[in-house]
Each structure stands twice: as structure tokens, then as C-alpha cells.
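Multiple structures are listed underneath, in C-alpha cells.
In what comes next, subunit A is part of two complexes: it sits with subunit B in the first one and with subunit C in the second one.
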Partner chain A sequence: MIDSQLIWLILHVFILVYWLGADITVFYGSTQLINKKNSIETRLAIIKIISFVNWFPNIANILIFPVGVMLLVGLGYFSELGNFIFLVWVPFFLWFFFITGSITQRGTLVGKVYVFLDTVMRVILILFVFVGSSLLYFFEIIFIQDWVLLKFYIYGTVLICGFGIRFSFSGFAPAFQRLIENGSTIEIENKLRASVSRVKPWVLALWIGLVLLSYVGISKPGF
Partner chain B sequence: MDWHNFWLLLHLLTFVYWVGADLGVFYSARLVVNSKYSFETRLQVLKLLGWVDMIPRYMLLLTFPIGLTLSYLVNSGPQSIILLMVVFLVFFLWIFLVFKIHKEDGSLLGLRLVKFDLFFRLLFIILLFLLCLLSIIIKFPFNQEWLIIKIILFSCTIICGVGIRITFKPFIEAFKELSLHGSSANVEEKMKRSLNHAVPFVIGIWVFAGLAAFIGLSHERLF
Partner chain C sequence: MFLESIIVWLHVLLFVYWLGGDLGVFYSSRFRNSANYDIQTRQLIARITSNIDMAPKTTMVLMIPIGFSLVAIKNLWLMPDWLIIFFWLFGLAWLALVWWLHLTKDAKKKAPWAKFDLILRYILCAVLVIFSITSLLYQYPLVENWLALKVLLFALTIFCGIMIRISVKPYILAFAKVIQDGSSPEIEKQLNESAAKARMWVKAIWVLISIAALIGIWKPII
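So, the complex of A and B:
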């Protein structure tokens, strides 16, 4: 019998597929962006590929939490909230709106506002997964199994990695803009390379975080 | 450490990197046939596509021995460690063959290896179907209906892979022509047509792999 829990589980897996799996193209593509042998036109084509594929990890990043919450509901969590639990989707739709705006309006004032709102959403979510879930767990406000708390913490760490990626990669876009306008120079190429080198540890940490999230979800350890 | 969970995680990751990475390959291919780009850019995008495409190729091969190990652990498949070791050895050799084909791309040895790989795939498809038929009749080597269905779906993905290889052949020839004589309406049309012919097989892989994942996730409820 196909029930809602099964559908959420499948969605949860596919979110991982289009986050972790799609990230490979983004990561490898970024290494080709700093390849001096590639012409500006080639690099622009690669940017186009990265920009398209990166939508999937971006959306997956948003969806994984509410879908995970719906899975927890199927396990008996948050029963006190009844159908109000579906309201968990509201902030995530808003977040999706902010992220979409920050990408499509990049470089404009409106785009900056969206980036700010996206940052606020991430900070709130990080605070919730670390502080909120800890309070719920340690003060036994609701019963949370160890593995669920662990998943919250790892997800929070993944979100922090997302911040790390954003800040360590922030120098890339202006340098790339200069590359388009002025052509390749040693200084610009070094800046591009430095940005990609800085972002690598964060990306790696994010991938490890996602694999750990999967393992905890599969093994459901208790302490 | 629970080994079943460990292998389950590996099985999940092969699916993640198979289907997820395919997304970048699919989109990049669209840029290769875009005649607005210079030959150099199209070549570099093709190289990027070729690199990323190796991940799904390896994963398709890795998923079988890992799945077989899982079937051994849950008593649904053949109960022989030696057989598992032999299967792993064969598949590691096969992965090496696929790696070698990528490295020897365009050379005479590469072409010979491609033929050998194709022969191996056809043999593997026949073997899998025969084993599934045997399992339906005498419940050996696989004794669970869901597992037999999963293996049939997996075989269908390999068939689709062969389909891609056949339909994509004119693309490779046309691209070689493009590199030698430059763009012409005939060459561009040939490449686009070849890519379009490959699309149903690509979607076929996603659908069959997705269905196999669905069976894997839901077999306890559905069977």
C-alpha cells in the first residue's frame, strides 16, 4: 500500500539525489572556470551550465527540511500540532521565493534585499536546529530520539557550510565580471583561483554532512 | 557498526551519483549542439560533459555488486561470499575498462575496448534476464519478488544505456566532421537529431532507476 509516509521518504531520497548528485557538475564546472586555457566564451557557457544545475541543490536545500519534518510526523512526532504542522511549509516557500529572487535579480538593489532576506532565513533556521531542537530535546518538551537530534545538528552544520560557500566564493563574481570586461590578467586569474580554492573545504564539508545525514537516517542510532 | 546500513548507504550513494550527475550531462549536451557557440567552446563543454558522465557510468556498474551484497545480507540473494568476491572483482575490472575507454577516447585501442564493453553489456543483460526467469520459476538465485523486479528494472536501465550509445553514434561522427570542416547545416542537424534520439533513452534510465529506487524503498510495504 502506498501511503503518504512512503511518498515523503521517496521525496527525501530524491532531494538528496538532486543535491549531492547534481553538485558534482557544479563542482567540476567551477574548476573549469579557473582554467586559463578556456576562453571567456567557454567559461560563460560553463557558467550557464553551473547556473542551471545549481538550481537543483538550491531547491533541495530548501525542501529537505520540511520533507524531513513530514517524515517525522509519520513517525508520530508533533502530533500535538495536528494539521497545523503543514504550516511548516510556509517559511520554506518564502525562503524559496527569496532564493529565487536573489539569483534572478543578482547585481541589483532588489537582489541585495533578497540576499539579505535569504541570509535572515538561514540564520533563523540554523538557530532553530541548534538552539530550538536542543531545548525541545534537553527539556523534554517533546520526545525527540537521539538520531533525530543528530540529524538536526548535522543539517545545521550543512547550512553553516552553505554560508561558508557563499562568503568564501563572494570574491568570484566581481573577479569574473572583470574577466569579461577586461580579459584575462594574472591578477584576475589568481583571484578566481583563490575563490575556488577557498570554497573547496566548505563544499567538501557539506558533502560529508549530507552523507552523514543519510547514514544517520538509515541507521537511526541511539546513544 | 551495522554492515547492512553501511552497504545500504553505499547503494543509496551510487543511485545519488548516478541519477544526480546525469542532470549536468543532459543539460551540457544541449549546449554542445548550440551552433551559436564556437567549436572550441563546444569541445570544452563536451569534455566537461565527458568527465561528469563518467560518474554515472561508474555508479551504474558499482550499484550491482553493492546491491548483490545487500541481497546476501538480507537472505534474498545467493548466499556465497566467494561469489560476491568474484562479482566485485569482475565489476572492478569492468570499471577499469570503462575508465580506460575514457582515457583512450578516439584511439584504435579505445574503439576496440568500446566494442568489448558493448558485448559485455549485452551478455550481462541476457544473464540478468535469465537469472530473473530462473528466480521466478525456482526461487533461485533471488528468492524475493521485489528483488527480481528491481533487477529487471536495472536491466532495463542498461538496455537504455546501450540505446544511448547506438543513437549517440551519429553525434560523435558529426562532431568529428565539425572539428575537421567546421559548421554546416547538415552537421548541425545531424548532431541535434542524434541528441534528440537519445533523449527517450536518457529519460528511460531515469524512470527505470527511479522505479528501482522506489521498489527498494517500498518493498516492505508493497510486497
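So, the complex of A and C:
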């Protein structure tokens, strides 16, 4: 018999598939974007591929938290909330809306508003993950196992890495726009390369975070 | 316990990089097949696709040692230690061959080994089908039916992989012709027909490994 816990668990695994697995294409594609040997037409084709595939990590990034919470419900957490627990989905639908807007409206004033709202969502979530879950754990407001707290902390770190990626990569889009308009110059190529070099440590840290998240979820260590 | 969780974790990561990596391969192949792009762009995208495809190829091969180690550690097949060592040696040797075939540019040098790799896949597919059927009928060598079904699904993914190789043969020839003589509606038609056939098998792999993942998590009583 397939129960709801099984569905959440398989969804949780698939979220990791389309986050960590899909990121290979995004990362590898970005290394080809800064290859001077590649023509602008080629690089435009690569950016189309990256932009499409990157939707998957973006959506996975949003879904992993509410799906993880639903899994915790199946383990007996938050039972006092009853069906109100489904309200956890509301902010994530909003967040999805903000992310979609920030991508599809990129470069416009409306797009900037969406980016701001997306940033606010992330900050709230990071605060909840670190401060909220710590309060719940250390003041024993609800019983939280060590591994669950650890997963919250790692997820928070992954979200911070997401910020790191956004800020360290912020110079890429304008430089790429200049590449399309003016053609390749040493200065533009250097800017593109510098952006990708700056983003790499954040991406690697994010991957390590995701890999650790999955290990903690599987091994459920206690301290 | 620690070793078991490490192996389960690696097993999950293999699935992650197999299915997740395939997404990029699948999507970027559309650009490679599009006549809207110049041949240099299509060639480069073909190279990118081929490089990303090494993630699914690597994970598929590693599923053998990791998967059977998991089976052994969970006592789902009471196998002697030497057999586990054999699975690892086989998996690593096969992985070395897969990477060598990817990195070697000399087609003549590659040809016999590519054939060997294909024969290996046929044999492996047949062996795994036999494993799963005898297990489903006699609970040997695998003691659980859900696991036998999972192995059968894995064997079918290997079969789909073989079918991809067969269906892309005309594609490879047509793509080489595009590089040499340039694009024409006739060649593009050949490319797209061949790619459409391969896509069907790729989608079958996605379905099969997704069901296999579901069964692995669910462990239904069959």
C-alpha cells in the first residue's frame, strides 16, 4: 500500500535529483560560456540550455522545505498543528511566484521588485531555519531530533550559498549583454571569467551541503 | 550500520546524477538537432551533451557494485565475499572502459572496444534478467521479490541503453554528413527521425529507473 509518507519521501528524493543532478548541466554549461573559442551564437545557445535547466534547481530549492516538513509530519512532528500544517505550502507558493517573476521579468523594474521579494523570503527562511529551529530545539518547545536540527542548519547554509551565488554572479549578466552587443573584448571576457571564478566556491559549497543533507537524512545520526 | 548508510547514500546519489544528469543531455540534444544553428554551434553542443552524458553513463555502471554491495549488506542475497569483490572489480574495469571510450578520439582504435562494451551490455542484461526471474520463481539468489523486480527493471534500462545505441547509428552518420557537406532538409529529416527514436528509449529509461527508485523506497510485498 502506498501511503502519503512514501509519496513525500519519493518526492523528496526527486527534488534532490532535479536540484543536484540538474546542476551538472548548469555548472558545466557555464564553463563553456566563458570559453573565448566559442562564438557568440554558440554561447547564446548554451545560455538557453542553462536557463531552461536552471528552472529545475530553482523549483527544487523551493519545494524541498515544505516536502521535508511533510515528511517530518509523517514521523510524528507538528502533530499539534493538525491539518493547519498544510499552510506551510502557502509561503512557498508565493516564493515560487516571486522566483518565476524575478526570472521572467529580469532587467525590468517589476523584475527588481520580484528579486527583492525573493530576497525577503530567503532571509525569513534562513532566520527561521537557524533561529526558529534552534529555539524550538534548545528550549524544547517541541521535540526535535539531532539529525533534524542538523538538516535545518545545513539547509540554511545551502540557502546562504544561494545568496553567495546570486551576488558573486551578479556581474555576469551585464557583461554577457555587452558581449552580445559589442562582441568579444579582453575586458568583457575577463569579467565573464571573473564572475564564473567567483561563483565556483559557492556552487561547490552548495553541492556539498546538498550531499550532506541527503547523508544526514539517510543515516539520521544522533549526538 | 555506518557502512550501510554510506552505501545507501551512494546508491541515492547515483540515482540523482543519473536522472538529473539526463535532463541536461535530453534538453541540450534539441539544440544539437536544430537546423537553426550553425554547424560549429551544433558540434560544440554535441560535445557538451556527450560530456554531460558521462554522468548518467558513470552512475549506471557504478550501480552494479554499489547496488550489489547494498544487497549483500542487507542480507538480501547471501553471497560470498569474493563475489562482492568481483562486482567491484567488474564495475571499476567497466567504468575505466566507458571513460576510455569517451576520451579516445581515434575511431578505429575505439571500434573493437565499443563492440566489446556493447556485447558486455547484452550479457549483463541477460544475466540480470535470469537473476530476477529465478528470484521471482525460487527466491534465489535474491530473497525478496521487490528486489528481483528492481533488478529486472535495471536489466531493462540496460536494454534501453542498447536500443539507444542502435537507434542513434543513423544519427551519427547523418551528423557526420552535416559536418562534411553542410545541412540539407533531407539530412535534417534523417537526424530528427533517428533522434526521435532514441528519445523514446531515453524516456523509457526515465520511467524504468523512476519505478525502480519507487520500489526501492517502498519495498512492496509481492
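Simple rule for what comes next: the second predicted complex is superposed on the first by the 223 of 223 C-alpha atoms of A that agree within 3 Å, B and C clash if a C-alpha of one lies under 4 Å from a C-alpha of the other, contacts with A are read in each partner's own complex, and residues count from 1 in each chain.
Assume a contact is a pair of C-beta atoms (placed from the backbone, for glycine too) under 8 Å apart; a residue touches a chain by one contact, two chains touch by 3 or more.
Everything numeric in this text was worked out from a predicted model, so none of it was measured.
Once the complexes are laid over each other on subunit A, subunit B and subunit C cannot both fit and instead clash. Within the superposed three-chain model, A:10 lies in touch with subunit B and with subunit C [touch as defined at top]. In the superposed pair of complexes, A:87 makes contact with neither subunit B nor subunit C. Once the two complexes are overlaid on the shared chain, A:48 sits against subunit B and subunit C alike.
Legend: residue contacts after superposition of the two complexes on their common chain; A:109 is shown touching neither subunit B nor subunit C. After overlaying the two complexes on the shared chain, residue contacts for A:2 are found with subunit B and with subunit C alike.
Common to the subunit B and subunit C interfaces on subunit A are residues 2, 6, 9-10, 13-14, 16-26, 28-29, 32, 38-39, 41-42, 45-46, 48-49, 52-53, 56, 211, 214-215, 218-219. Residue ranges of subunit C in contact with subunit A, taken from their complex: 2, 5-6, 8-9, 12-13, 15-25, 27-28, 31, 37-38, 40-41, 44-45, 48, 51-52, 55, 210, 213-214, 217-218.
Subunit A meets subunit B in the complex at residues 1-3, 6, 9-10, 13-14, 16-26, 28-29, 32, 38-39, 41-42, 45-46, 48-49, 52-53, 56, 211, 214-215, 218-219. Within the complex, the subunit B residues that touch subunit A are 2, 5, 8-9, 12-13, 15-25, 27-28, 31, 37-38, 40-41, 44-45, 48, 51-52, 55, 210, 213-214, 217-218, 221-222. In the complex of the two chains, the subunit A residues touching subunit C come out as 2, 6, 9-10, 13-14, 16-26, 28-29, 32, 38-39, 41-42, 45-46, 48-49, 52-53, 56, 211, 214-215, 218-219.
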